[in-house]
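Okay, so chain A shows up in both of these, paired with chain B first and chain C after.
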Partner chain A sequence: MAQNKDKNTIEYGEPVGMLAAQSLGEPGTQMILRAFHFAGIESTIATSGLPRIVELVDARKKPETPITFIYLTGEYKRSVGKAEQTLKKVSEVRMGIVVRRILENFSKGIIKLVLDAQVLKANELTPGQLAQKVAKKLDARTKVDKDGNILVKLKTKKLTEVRSTSVKLMKDVVQGVEGAGKAVLQKDPKTGEFYIIAAGSNIGGIMDIEGVDKSKIYTNDVFAMCRQFGIEAARNTLVRELDTTLREQKINVDKRHLMLIADAMTYSGTIKGVGRHGLSGQKQSVFAKAAYEETVKHLVNAAAFSEVDYMRGVTENILVGKQIPLGTGSVHLAIKKEDMQKVKPKK
Partner chain B sequence: MTDKIDNEIVPLHALIEGKESRAVLADMQLKPENLPKIFSTDPQAVKLGAKPGDVIKIKRRDYGNAYEIYRLVVEEQ
Partner chain C sequence: MDGKKTYVYLNGKAIGYITDPAKFVYEVRSARRSGKISGEINVAYSDKLDSININTDRGRIRKPYLIVENGRSRLTPELNERMKKKEINFSYLLRNGIVEYLDAEEEENALVAIDESSITNATTHLEFDLTAIFGLSANLAPYAEHNAIARQAMSVNYMKQSEGLYATNFNQRFDSRTYVLFYPQAPLITTVPYEALDVKRHASGQNLVVALSTYYGYNMADALVINKAAVDRGVGRSMFYKSYTDEERRYPGGQRDRFKVPPATSEGYMGEHAYSKLSEDGIIEPEMAVDEGDVLIGKVAPPRFLEENIGASGLEERMRDDSVVLKPGENGVVDSVLFTETPGATRTVKVRIRSLRVPEKGDKFASRHGQKGVLALLANPEDMPFTESGIVPDILLNPLSIPSRLTFGHLLEEIAGKASALSGSILDGTAFTESGKDRLKKYGEILTQAGFDVHGDETLYDGMTGRPFKAKIFVGVTYYYRLYHMVSNKMQVRSRGKVQILTHQPTEGKARLGALRFGEMERDALVGYGASLLLKERMLDQSDKTAVLICRQCGGMGYYDHIKRIQTCPMCGASALAEVEISYAFKVLLDEIRSMHIMPTVKLKD
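Moving on to the complex of A and B:
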């Protein structure tokens, strides 16, 4: 036990950052490059494997496939009816989905929306409700005709304006939370409780809905987590996402490596990528920056602004052939001032 | 805006007094600017009413491993 502890303890001067980078980099070569997409098994398939790791480490503002796990409170998670109510309030339905065809009468400034009755029924919407929403949104008069279609009378008759409003109209959210994406209800096989998976990451909007457990909501969008819960939550999300992605591929990387990477990325109070625009690009040393990428640009900038290199890092010391400040190289000989005076120079 | 309600992913944040923060920094032989940063606009900093220059103590619990880290509150760039 004691031996085991010693084996797992990092000693002073150990290059932990490099160990973390290599521990993540080596298994990365074994990962699949592109995930296969199996149609129809699950409605929401997350990016996985190497593309997902790259996405996380580069700190992309929007993940390719944002997913939010919404857990429910009290009776909402137990009864199907209640859970479905919440689902309906969350799941985003755009006008484009319920409208089958759009007919524009430019000479009269009228837009006719031919609705898809089946889709309407599935979402439990009526043409009347939709007409009211459109009227409120556009500040125009709307009417439902006898076939259940919506007629919108616009104030303008200009061709470009009629067209642009009809295009905008198609993108309007008629039900659910904007940015929440399509949501599906899931049942936990162990506990029999219901939860919702949504293909969006607007957790701020989702949290406003009744029955949503605010203390458990989780999304794989690191920036959304940062906005809603702060930098520490973003750091934890990063660790969790990296870990689950690696685990999916049955790759064992110690969590402490991932934690170090996440700590480095969130050090400055915001999430920074690892590449040239993030951590590597913001090193202090001119030589270290020049040795990585865009050598000439960095050297020219340093010359123009008369920058100083203190030679404290690893890269710049290797570059000039000095001992690196790592391991035994990080220990220096020091002498007290009063002891120094006792030393007599040899003649 | 929604209430900034604690999520289970957020560790406990606490604002520490000037005296305590100086003791902590002396213990670690650090200057305040060497600490990791947190923006004053960060939801957790806003909740505590932290101003730039304050130090926030965070009680992390990483996979059963409990420890504390400190972040310096800074203005958002």
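Moving on to the complex of A and C:
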């Protein structure tokens, strides 16, 4: 065991960052740019492959396809009916989906919402409910006509205001959690338990819903995880997402490389990308920054603020032609000149 | 009509509107077909945009089609008969509205049938031939329909790179670089377009006996083993011609260049030896063997910068040597020298060097199916496998090159080539003319009649032991190109050499006798390995190491005063400076920063 431990311990001076970068970068060249795969349901196809890796490493604020896995508690995960109740509360339905057509009467200040009866039925909504919601939201009088359409009487007759209200109205959430996205019910084939997949990442809103297991909720949106559970969770999410994305393409990268990258991105308490605005841009050395991107900008700043380069990194030492402080270059003689006198061999 | 307006655009400009687009388009087309308007006019109706585009401008790609009317091709059997008897020609068909050219836009309105049997009532045009789905050059390779399209595209590229008899007057021409194959052969397997274009007059390959066999690992991964005896008999042998040109330029002020052996006093004189092969007029003689560094055309030019005191010694001695020198790594024999004058009465000299290119290890070959390979071994014929009839293959091609690349045309050509050689007749390999099955059957019959295996397999005997191989090996005849990528033109070595003036780093590129770049990723690899001293050696010691004097007091750069024999710092006047090794590139960086009135200082640590 002691042997094993030694074998698995990184030695002093080992350039782990470079190794991590190479270990992630090289397989990246082999990845298919946009892989097609049809696992899961149509609405929940997530970005995968290289675009996803780039998204994670760049620390984009919003992922291209946010997905939330919502696990349920007790009763809810066993019965379809109960699970569907939760699903209904989660799944985001916007006005634009239930409304088939909008007719605006500018001279009277009336908006007529022609509803799609099928969609209404599928979401178990009635025109009356909707009318009430609209009335509350807009503080206006609403009426349901004989064809089951909603008439909204606005207080204003101004053309621009009528139009902007109707546009805004379409974006209103009529059911479910805002930002949760469209959700679908899934059944775990092994345990037979139900869970929900949502195409959004507002986990804060979702967590408050009855039946949702707060301890197991997971989203691929690193920033959402960070907001809800803190930086440690974000770091773990990063590792997990990188790992699964690579695994999907059958690329084997040691998890410890990914962990190092995730650590480097999150150690400061906020999520930073690896590029110009993130890790590379926050290097201490002027030369290292100037050698990467925006050379002139960094040199001008350094000159203006009389910056000092302490020559501690790799890039700057190669630039001037010194031995790099890594690997074999990381060891020095730790003895003072004066002390050398004392160890002088006797004649 | 419902009064709907359809706009008409002539070469992109709106010129008016009409109300019945279908009728309008029909009328324009009929006028074109009957010759009332030019055949170069194309008209297209776009129903999405509800607009008509008439194009008459240049630069459109157009393609001829047979016109189909009422479900029948306008090229009637009678006309076809007359075509065959050569009573009428293609332009007759064009004039009489049997054939018309469509551009990309009008093609959108056409429904083209690929053959007569697939014509329906909606069909408007008929393709001349199925092979039209390939371009002309793709059709020069046989069995194109049996290859993956990517390979077919590569095959066309290799055809462009092949050596052959590009022009029959090649020895009268002064092309800057050309190759001429010694024994070009017409392929045994041709195609109809190949014959129609008469490409065989300028053939660019040879029919070689190919065995699909390994040979002691010498033909792994697209390497080729070629029979040395075959090369000695002329396989792939070619001549490389390269022309050097120079002229006597005139300069403002009445000065001009002069062809002559430069005097030893001229600027940039390269030493007596370099000019030893020149004749009295300063130009080299034909049939003179030349090597790198030899002067081909001796020329002196006036100095670049005029000095103030041009003394009595005259201009002649001040002339600059501007001779044409044979480039590094090149050699050969002077083939021909051309001495002429341009219309502006400038004397011009062209010198053509010829150099033999016998196939050697590292030269590139390719078949007509995108199967390229690099010669890796010139095997002795006595060591190579031979067939029952004693034939030693010219090329041993690794069988693994075939399945993953899906170039079945290569196999088909090989077996057809064999059949062709045995029957003594040129065979046709035009795409889509016959099914692969029928072809195989036909070739199989020829092979069996000649006493060979139907599939082209043969028992090979090991040249070293004389024992037969257990497996039957596929042997056939395939047309091979020799491509103009040759090691002798590319090989270059350097241990020490020139550096760039600005950075003191080694030069780049073969022409400048450069070094190989130790790039960013190579750097990363060494960093990743932690080999700090090796990295330093590459980036500094073997590159642009310089020693500079750094002032311990002010951090500026000092110099060694050779008169006073002391080190001096021009900034603070200190005289004890530290000698520091840095890269010259970094020194240049510091200099450039200083040139912008910014003072970078270097703090030293012991």
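As a working rule, the second predicted complex is superposed on the first by the 323 of 347 C-alpha atoms of A that agree within 3 Å, B and C clash if a C-alpha of one lies under 4 Å from a C-alpha of the other, contacts with A are read in each partner's own complex, and residues count from 1 in each chain.
Here, a contact is a pair of C-beta atoms (placed from the backbone, for glycine too) under 8 Å apart; a residue touches a chain by one contact, two chains touch by 3 or more.
Note that the structure is a prediction, hence the values are computed from the model and not measured.
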Query: Of the partners chain B and chain C, which touch A:Met225 in the superposed model: first, second, both, neither?
result: first
Task: Answer with first, second, both or neither: which of chain B and chain C does A:Gln22 touch in the superposed model?
output: second
Message: Just checking: does A:Gly13 make contact with chain B only, chain C only, both, or neither of them? Give me first, second, both or neither.
response: second
Message: Taking the superposition on A as described, I'd like to know which of chain B and chain C A:Gln323 touches: first, second, both or neither.
response: second
First (chain B), second (chain C), both or neither touched by A:Arg101: neither
Task: For A:Ala303, decide between first (touching chain B), second (touching chain C), both and neither.
output: second
In the complex with chain A, residue positions of chain B that touch it: 1-11, 13, 36-39, 42-45, 58, 60, 62-63, 71, 74, 76
Statement: Per the touch rule, the chain A residues reaching chain B in their complex are 204-205, 207-208, 214-218, 225, 227-233, 236-237, 239-240, 255, 259, 263, 266-270
Message: Taking the touch rule as given, give the residues of chain A at its contact with chain C in the complex, in rising order.
response: 13-15, 18-19, 21-22, 299, 303, 308, 314, 318-330, 337
- line: As the complex stands, chain C meets chain A at residues 523-525, 527-533, 535-536, 539-540, 544-545, 581-583, 585-586, 589, 593, 598, 603, 606
